[in-house]
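Presented below are the structures under discussion, each in the form of structure tokens.
Same chain, two partners: subunit A is paired with subunit B first, then with subunit C.
Take a look at the complex of A and B:
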């Protein structure tokens, strides 16, 4: 008991300084052999100021992502350098395992640094990164890539002003994952090619890695478990206001939702159960909250009109839009179908850049019990049979005494008639 | 002590011994294995009984089972025959009331043997009604021990049939009584026991048809009598009303075609009774005209009504099981799910000899004796014999309904034989003249009995009477015949004992095999796997398996299943069949849609257990093909007309989920040799699994359990994710 109070107090205390709801143990892995290393260090400073517990480490001496089978950090920022590999602590498998256990990952590359482990990992997220030396060029700009409003198509970022990006690594959404999305697209006039293969002559022979707005300068993905992955292709972008936004998103300071207090009950009595009857009036409610990183607390998510409830057994019998009843509490009422079986109250809310909400509750709809049907006399059709029944009962009651009491008909009478 | 009392005492002693023999011979399964519920259906009955004893009758009646047929559920209370569960629950309660607290499981395990003792007693009463006490006692011991009945009633075989045969005999006994005496009270007793039978077993339809048929035959023979009228009308009215109280039966007795003969005969009896009345009132010539026109009109109307109502769907169409009774090929062609059940297959000839021993050739003799006598009750026996033999030939499981009549007929013939050959103190030449009226002679014999100390020779009737005139019953021939038949009887007992012990006492949950040194080796993989499921999976986990194992998973592992042995929904079973038969990409959405957490397959390749899922696989394919002919096709699973599982197997076969789950990692053991199919998988044939993970494999690989993977966290296709995991 005392321990739990202590734990709650600690939790409250830690919340006060927490920017992200899920954790702030942040590891920044920097390879000082590259010139983008200092970007990583400056980013880590800004996270420190936001309350993250930042560990900055050189790649060679970086601690493993897991210790004793447990995830050791919540967020990881990887800033590679000239070193070819990332070491066995940061293989694609380790990165994905970390992600699958709920850890957030940001990879910062550039045209010069694009290690294979990161490329392998990113490929699993549906983001294909160009190999070392692949850069975006745009012959219509001044050697730099100009980011304008059109670059933010399908993005969760909003355009706030143009940025010029130099020496950007190239990315491409392969479509193998439905969760990957672009942060910043390349301009239509840009293309990416591998300048290491360019020997100055006959450069037309080198096929571009990607061309036009199919290329991305930064992209991200969110797992079904809510963990986030972001890749930023250049230090120019990372240090811009967009980079800041991407990092905040990736480290779960923005767009974090949660669903709680999911309840279903009989609409009339408010009685909750796992067993309802067919045709019962049911009510479903769920509290939906969003993390407010400035106040470091969960605030009700208000005004959403796109949250839907499915009541399904194999197929949805109902798909209803939830209405906000009180701040953050979304409810709906409906009549259960005239079909028994095991039904699921399903909320599967997936919006770009927001935490996926998933809630499934299986309840049983049972048929009417033998004593729950209407009584016969309340059904008008049955009156015919009921009157038949009573007539026979009365006729019997009259007939038997008469038969017994009246003297038998003597035979001679019958014969005489014949 | 006078002779009559001594005879009575002897009869009681014999009956007690017969019941004892019947019960004890059924305990081999407990002795050889343990007190365990057998097979498949009994596990459901056991589970239902436990539900009844813990929740009470009201909730049992309205039981909606959300642990099976996920996500459809089953209205179990309304779709089962509650007689068995209610009876054993009453027994359980009564035993605990009188201070014998017995575990409900033990009540269930010992239920069938206990009722077989009762069946033997009913056979005795039945035999007495047909001939005399000797026939009754013989019928009792025959029915008590005949393997045909034992096969469904050993200890642990807690199935509806265990109680149903007792009730079948009771109902028939009451029917004979009612018919003989024309008694309303006996007919009411018959209706009551019929109601009990309806509440206990779907095979009650056998009674529903055989009694009307009996009456109909009597009518054709011109034996209409007020006794017949009273007995039948009382039985039909009361019995039908009572049977409609069982929720599962409901309005079937007036709607389904299987019940129409009873209704038809009921109507016919009214007409015949009416005609009888009219005949007493009018002249012969007028009457003939009246009858002919009347019959023609009535038959025409009735036939048109039957056709019309069936066509309109008011009368339920004939069910597939019923069709397969007449046309043995019907099920194989039209309803694979019925044909896939081994007990619905036609009976093989040897099993008649195996199940009935020497009774199979005494049976025709008994029937012949009946035809010789041909009183009303003998007509019943003949009708029963004809129907029973036909049905037993069509379906293996209906051997059960044939056994009682065979035993009774056997009892009749042997007792007739004894009547002739077991008379010692009377000179043969002075045998009294044969009397034609059996009843009179019997009564006379009975009346004489107390008078003489030595029993007067009984009148030998019918068939064997003809031997009387020929002087064959010398002492030597008597001794020879008696010794021979004593030998047959002894052989019968030893044969029955042997068959019961060796063939019918296996629980099939635990398999037994012999070690090289002759000691018994128990293969307990099923329970191992079910226990693993019970202990290691979440309580609401959904387990998919072929329907054969549904009841066992529900009973032993207590997990939700998709399909089970109730097989009420062919489409749902076909869905499971499709998931098993298709490749992983097709199967995965089906598994996700049905919230499947675990898949259980039975694989006998390592052990040589031939009843495994790969051998049943073709049924899954066929049943799935019935619903999705364009997606599943049986021919694609055959490699050049052969059923191959090794490297020769077709691509469709190799890609099917069932194949992959069965042979996953199999080449690692036993050199990949499949002992059932006699084929060998090389390591290069080893399947890879993408959408499921191996969760458990039992000691002898008999049961393999796989966990269905969740959707990929990264949003990849599951096979792609699996490929990445394999590569890293």
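Take a look at the complex of A and C:
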């Protein structure tokens, strides 16, 4: 009761202050030497209005990502400029350390502004960015780059319209990370063109960095620790409403799930325990919630049909798809296996772009006690043997008086015949 | 003379008490065969019940065979110390023990 009051108070408080449930200390690093600097400023305004604690800083005077070994920010947006490097505070190592400690990073580049530190960091996430000067060119689309709706398995982003993009940096997914996925794919007729390598004569001889729909204009990756990395290859894209959704995803406002109220019980009596018996009918339920950044509250995640429960001891004995019983509450019922030991109710839900859910609850399955086995008369097969025994007993009871009633044997057997 | 006809003759010439024993023994053989065939066809699931039921027929058969041998006047020389009354009492006591054990084994 006290906990629920506390929870309600916290929920009310958090509704006032936060848009992102996992932290809103946001750093926007801008290099004013580039012409995409104002993009960073307009983005920081929109995050400020949504309740983020935004620190806008020039690259030269930017605070380090860590202070005294602790992560100083939750989210970082890096908008580079003409300067070649990003300084020792924003090297690839610092960026990766920040990510490994759970920080979220968005790197905004373009054809002209693509520093090596960001390229090195992105390569670690399985996203390879083209060298400086590489832009996408599409002679068929008159500069329009379409958004591929099918590049998403789940609706993390809602925007689906075409978006016009100029001067876009080129990227491709190297396939080294299974956690990387594209936000925007290049059209099949596009290819990456490097202005700096073109000497005007043999430009047709140079193989493009990437061509066709292998190329990506924006991509993301979520680590196993839940931290998110997004790369947006174009300032046009970043300022569009599509880019806004990518930023919201990266800063943990979209696609954020949590699991709570995990419970298991006997299906018949509803009694919860850490000790069940083999072959018991068990029921498992979990509440799955998704962060609603507009209302700043957790809302039930509805309509999911791909959440699975494993009941495992070393190997899964069951892998069951949970069904939605009431909004956000996913349940299943099953009969415990005929095997005693320590079993785990395991939910390991990993979908690209959604928070990875992991929940493990260990219970014991005990064997039947001595007096819990079925009695023979409840098993129909044994009726045959039971009636066999009964007839023998009755036959014996009839035999004894008849035997006594008959005359005793006096003469030797068979003598009369012989 | 083959085994079967010798058995039939032995039965025909036996006194009434031994005929009664013979009938009981035939009944036990039939009961045991039925239970065994059932077990072969349906499976041995309550195996303790099958063992109990089947061994009750076998045990009762053995006890009857012993009784029949001991009360037969032809074997008087061999069972000098065992009177027919004593043999019958042994049989009743043995049967009661057998029934008691089998009843508990079947559960």
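The criterion applied here is as follows: the second predicted complex is superposed on the first by the 325 of 418 C-alpha atoms of A that agree within 3 Å, B and C clash if a C-alpha of one lies under 4 Å from a C-alpha of the other, contacts with A are read in each partner's own complex, and residues count from 1 in each chain.
What we mean here is this: a residue touches a chain if its C-beta (ideal position, glycine included) is under 8 Å from a C-beta of that chain, and two chains touch if they have at least 3 such contacts.
Here the structure is a predicted model, which means the values were calculated and not measured.
Asks: Return first, second, both or neither, reflecting whether A:379 touches subunit B, subunit C, both chains, or no partner chain.
Replies: The answer is second: A:379 touches subunit C but not subunit B.
Asks: Once the structures are superposed on A, label A:180 by its partner contacts, choosing first (subunit B), second (subunit C), both or neither.
Replies: first
Asks: Touch test for A:207: subunit B only (first), subunit C only (second), both, or neither?
Replies: In the superposition, A:207 touches no partner, neither subunit B nor subunit C.
Asks: Pick one for A:402: touches subunit B only (first), subunit C only (second), both, or neither.
Replies: Touch status of A:402: second partner only.
Asks: Applying the touch criterion given at the start, work out whether A:342 contacts subunit B, subunit C, both or neither, answering first, second, both or neither.
Replies: first
Asks: After lining up the shared chain so the two structures overlap, which partner does A:364 touch, if you call subunit B first and subunit C second: first, second, both or neither?
Replies: first
Asks: By the touch definition at the top of the document, which applies to A:388: first (subunit B), second (subunit C), both, or neither?
Replies: second
Asks: Using the superposition on chain A described above, determine whether A:91 touches subunit B (first), subunit C (second), both, or neither.
Replies: It touches subunit B, and subunit C stays clear.
Asks: Per the contact definition, I'd like the list of subunit A residues that touch subunit C in the complex.
Replies: These residues of subunit A touch subunit C: 375-376, 379, 381-382, 384-386, 388-389, 391-393, 395-396, 399-400, 402-403, 406-414, 416-417.
Asks: Given the complex with subunit A, which residues does subunit B contribute to the contact?
Replies: It comes out as residues 61-62, 64, 66, 70-73, 75, 78, 247, 540, 593-595, 710-717, 720-721, 724, 728.
Asks: What residues on subunit A touch subunit B, complex-wise?
Replies: Subunit A residues touching subunit B: 91-93, 96, 99-100, 124-126, 176-180, 221, 223-225, 227, 275, 313-314, 340-344, 362, 364, 366-367, 369-370.
Asks: Looking at the complex, which residues from subunit C come into contact with subunit A?
Replies: For this pair, the touching residues of subunit C are 10, 13-18, 20-21, 24, 27-28, 31, 34-35, 38, 42-43, 45-46, 48-50, 52-54, 56-57, 60, 71-74, 84, 88, 92, 95, 99, 102-103, 106-107.
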